[in-house]
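Right after this note come the structures.
Two complexes, one shared chain (subunit A), two partners (subunit B, subunit C).
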Partner chain A sequence: MRRTTRKRLNLGLLYGVFVLAVVALVLLADWEAINKNFFDWEVAKGLWPEIVTIGAKNTVVFTLISFFGGLALAVVLALMRLSPVGPYRWLATAYIEFFRGLPALLVIVAFGLAIPIAFSWQPPGGFVGAGIAALIVVSSAYMAETLRAGIQAVPKGQTEAARSLGMSAGRTTVSIVLPQAFRIVIPPLTNEFVLLIKDTSLLALIGVAFGDRELTTFARDAVVSTTNSTPLIAAAVMYLVITLPLTQLVSALERRQQKAR
Partner chain B sequence: MTTRLTRTLATGAALALTLTMAACGSDDEPSTGSSGSGSGGDEPTVQTINEGTLTVCSDIPYPPFDVMDGATFTGFDGDLVNEIADGLGLELEVRDSGFDGLQSGLSLNSNQCDLVASAMTITDAREENLDFTDGYYDSEQSLLVPTGSDIQSIEDLAGKKVGVQQGTTGKAYTEENAPSDAEIITFPSDAEMYSAIKGGSVDALLQDLPVNITHAEDGQFEVVETYSTGEEYGFAVKQGNTELIDAVNEQLAALREDGTYDKLYEKYFSTE
Partner chain C sequence: MARAIEVKDLHKYFGENEVLKGIDFHVDDGQVVCVIGPSGSGKSTLLRCVNRLEEPTSGTIVVEGVDICDPEVDLDGIRSRIGMVFQSFNLFPHLSVMGNLTLAQRRVKGRSKGEAVEVARTNLEKVGLAGKEDAFPAHLSGGQQQRVAIARALSMDPDMMLFDEPTSALDPELVGDVLEVMRTLANEGMTMMVVTHEMGFAREVGDHLVFMDGGVIVEEGDPHEVLGNPQHERTQSFLSKVL
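Then we have the complex of A and B:
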């Protein structure tokens, strides 16, 4: 057998497996049941516009607050971890290791349900406030580690040059090191943002008021009221509508940076 | 270039076709085989998703209906389905699932289970997606508040937070009957609702009476109102599965007949 023939046959086999998989999926799926359960157009239309004005809006708002709250806390934690003062380092390390090791779900339950029982005290902002506080605490632990890696990746010469120009240590960190560190960590931070978008659906566990429902809870509610599962698909589409432009925007930013280097 | 691509694709398509045919061929055999054995003699009386096993989905825990005692499914639902499975000559297997999947028919349609036993009220809306057995329990809703609370009836909920469970009759009842400025907080299950009222995050819980009664046992909470909805709990099966409905109804009737039902009812809902 000639080499090209063999190569073509190999390639053909790969295409064949792919085509077969698609054909099998299409043939095996029960399209009538799928359409009835997941693609009922009337049900989908009934979700409009609340799916955007309540569901998507709350998802975005909760995510933004959690992300920027977490990021602010993460900057402090990352700097503490790199601090020359021992106790700061230990504290930050303990915090990061603790909250990175716990499922977000448990932290949310602790904030929303356990703290009110333990201290007879209601966190401000009610259920949503408690849930978002938990997300901030968890995400800051992850982002602190990301930021630390970014800070350490900034060449030492940068700090040395700034210091020899007479900048103070604080000034050097704020205007020389951190901006470059952020540039390095934009891709992993985007990852964290996308993870947070999805984690907001966990807030429903500790109770949710009518106007505070985010996409997943909104959809689950609608599954009940319409007795149809189409809202789940609608919510999935909405999540993609939110995440895809975001990830595209960030990869565009990254490409621009690559050129600027 | 184009010819090479077409030739590759052609090879691929040909291979796919052969493989599909082979797959179809092998597919036919076991199906004829199983239909043959199905008509055989002393098999279990009903067809289930796993032969010889009755797979039951339930949103656990929901005392006193759905409780796991070690590896045994107990509670009123649990004891009943254990008896039913016994009567049908099937092994019982339990799967803990979320309530919205159960009441929307997703769990049944995706063949996760044969039967749903999860303190589920028979409603018209649910009957669009599920088929129910005969009712086995008259459902009543109730309002639970901390002992000594100002809230004594559903009207007093104005401006207060009331906890309800996602997808339940209690939630629907609250939305229809509570004052419009009552804040309705939805939880995934009773476990979180009970924690929330213990922590004072909600002022009241509106849900099935038997569950609230268990919460009122230690004297910290009390049931101040009950609401009759004229509805019943039923076990649910996948739509069109009349074979299983008939079999379960037959077992339920037998249990009522021989006194087992009354014994279990007394065990869980004794009023003294």
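Then we have the complex of A and C:
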């Protein structure tokens, strides 16, 4: 057999397998049940408008607070991590290793349930406040490492030039190093942001009040009240509506910055 | 004549490696001193010790009468009076040319925005780049970037300028513009210490020439003398390769 013929046969075989798999899936699935349970238009209409005004809104708000809170803390941690002062470095390293090593879920439960019991103290904002604090703590550990890499990627000559002009170490960090470091880490920070959007769904586990429900909690409650799974699909669509424009926006920003370089 | 820079018995180690082995060196006010030598001779390290970008291991460095190794010294204040130009330009890529020229003026010298902009414009004109205020460093040629770097240093109204191989990273056809700016500065009476491979510049503009090799000053004197009639064998062998 000639090589090209064999290649074509192989390719044909691969397509064949794919088509068979799709056909089998379509035949085996119970479409009536799927339609009734997941794509019930009446149920979906019933979710409107609360799925946006409560669910999506809270998801976005919780994510923004967690992200910018985490970012602020991450800047401090990254600078501590690069500090010439030993204890700062050790403290930051311990914090980062500790919270990167734990599942976010565990930290949320600890903040929401364990801390109030252990210290008989309620974090401000109730369960939601505690959950968001946990997300800030966990995401800051990840973002601190990203930022540290970004800071270290800024050429040493930049610091030298700034210092030779008489700028203090602090001024150099704020005006010269951090702005350049942030540009370098925009792609991985976007990633962290998208992860956080989805991690807000973990707040469902500590149970939140009606007005504080984000998308996943909202959908799960709706599944119970309507005895139908359509709300899950609706929530999935809402998540994509939030994340897709965001990732598009950031890649546009990245492209523009590439040009400016 | 007053000494702008006075270095005495300077030693510098990088780990076990002694790169400066007891340097005695000085630059008088208004003088242009060029330092030449093969790579690894310690000439850049010597220059970088003068504003303490490198920490001297031992010895004294006095700039404008101030011992800069004194732990109590206001290092940022001293540095703001010593202009420095790097081989790799080191412009701030996230700032426009005007941003590069005004940042330290405002933050270190505390000048108002209007004043800083005016000083920046004067210096941009001096280096032949009037009209480039809004350009970003990435959009400039190497020669233009280096001239912006010189203008940035000049905008601090320094008492002296340090040049660390300012033309080594440039394409040959761009070297001339940068040297021309440096020549103008020298003619205006600026005190300059120049680490360079440009022998023509050293001969024509320099008041004093220092040849370094292996962490010591091998030979120094009038540039015409040292370049035309080198006394030391190592100087002769180096010059025979570069001239």
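Rule of thumb we're sticking to: the second predicted complex is superposed on the first by the 261 of 261 C-alpha atoms of A that agree within 3 Å, B and C clash if a C-alpha of one lies under 4 Å from a C-alpha of the other, contacts with A are read in each partner's own complex, and residues count from 1 in each chain.
Everything that follows uses one rule, which is that a residue touches a chain if its C-beta (ideal position, glycine included) is under 8 Å from a C-beta of that chain, and two chains touch if they have at least 3 such contacts.
No experiment lies behind these values; they were computed from the predicted model shown.
Check the residue A:L11 against both partner chains and state whether it touches subunit B (first), subunit C (second), both, or neither.
Once the two structures are laid over each other on A, A:L11 reaches subunit B alone.
Examine A:I176 and indicate which partner it touches, taking first as subunit B and second as subunit C; both and neither are also allowed.
second
Looking at the overlay, does A:Q158 come into contact with subunit B only (first), subunit C only (second), both, or neither?
second
Looking at A:S120 after the superposition, I want to know if it touches subunit B, subunit C, both of them or none. Which is it: first, second, both, neither?
first
Would you sort A:V208 into first (subunit B), second (subunit C), both or neither based on which partner it touches?
After superposition on chain A, A:V208 lies in contact with subunit B alone.
Specify the partner with more touching residues on subunit A, choosing between subunit B and subunit C.
Looking at subunit B versus subunit C, the one contacting more residues of subunit A is B.
Considering only the touch criterion stated at the top, classify A:V85 as touching first (subunit B), second (subunit C), both, or neither.
Neither partner.
State whether A:L25 touches subunit B only (first), subunit C only (second), both chains, or neither.
A:L25 sits against neither subunit B nor subunit C.
Touching A:G166 in the superposition: subunit B (first), subunit C (second), both, neither?
Touch status of A:G166: second partner only.
Hey, what residues of subunit A end up touching subunit B and subunit C alike?
Touching subunit B and subunit C on subunit A: no residues.
Taking the touch rule as given, give the residues of subunit A at its contact with subunit C in the complex, in rising order.
On the subunit A side, the touching residues are 155, 157-158, 160-168, 171, 175-176, 179-180, 183, 260-261.
In the complex of these two chains, what residues of subunit C are touching subunit A?
Subunit C reaches subunit A through residues 51, 53, 76-84, 86, 88, 90-94, 103-104, 107-109, 136, 138, 149, 152-153, 156.
Looking at the complex, which residues from subunit A come into contact with subunit B?
Touch residues, subunit A against subunit B: 8-9, 11-20, 23-24, 33, 37, 109, 112-117, 120, 122, 126-127, 204-210, 213, 217, 220-221, 223-224, 227-229.
Along subunit B, where are the residues that touch subunit A in the complex?
Residues in contact with subunit A: 4, 7-16, 19-20, 23, 100, 103-106, 109, 125-126, 128-129, 161, 163, 166-167, 171, 183-188, 192-193, 195-196, 198-202.
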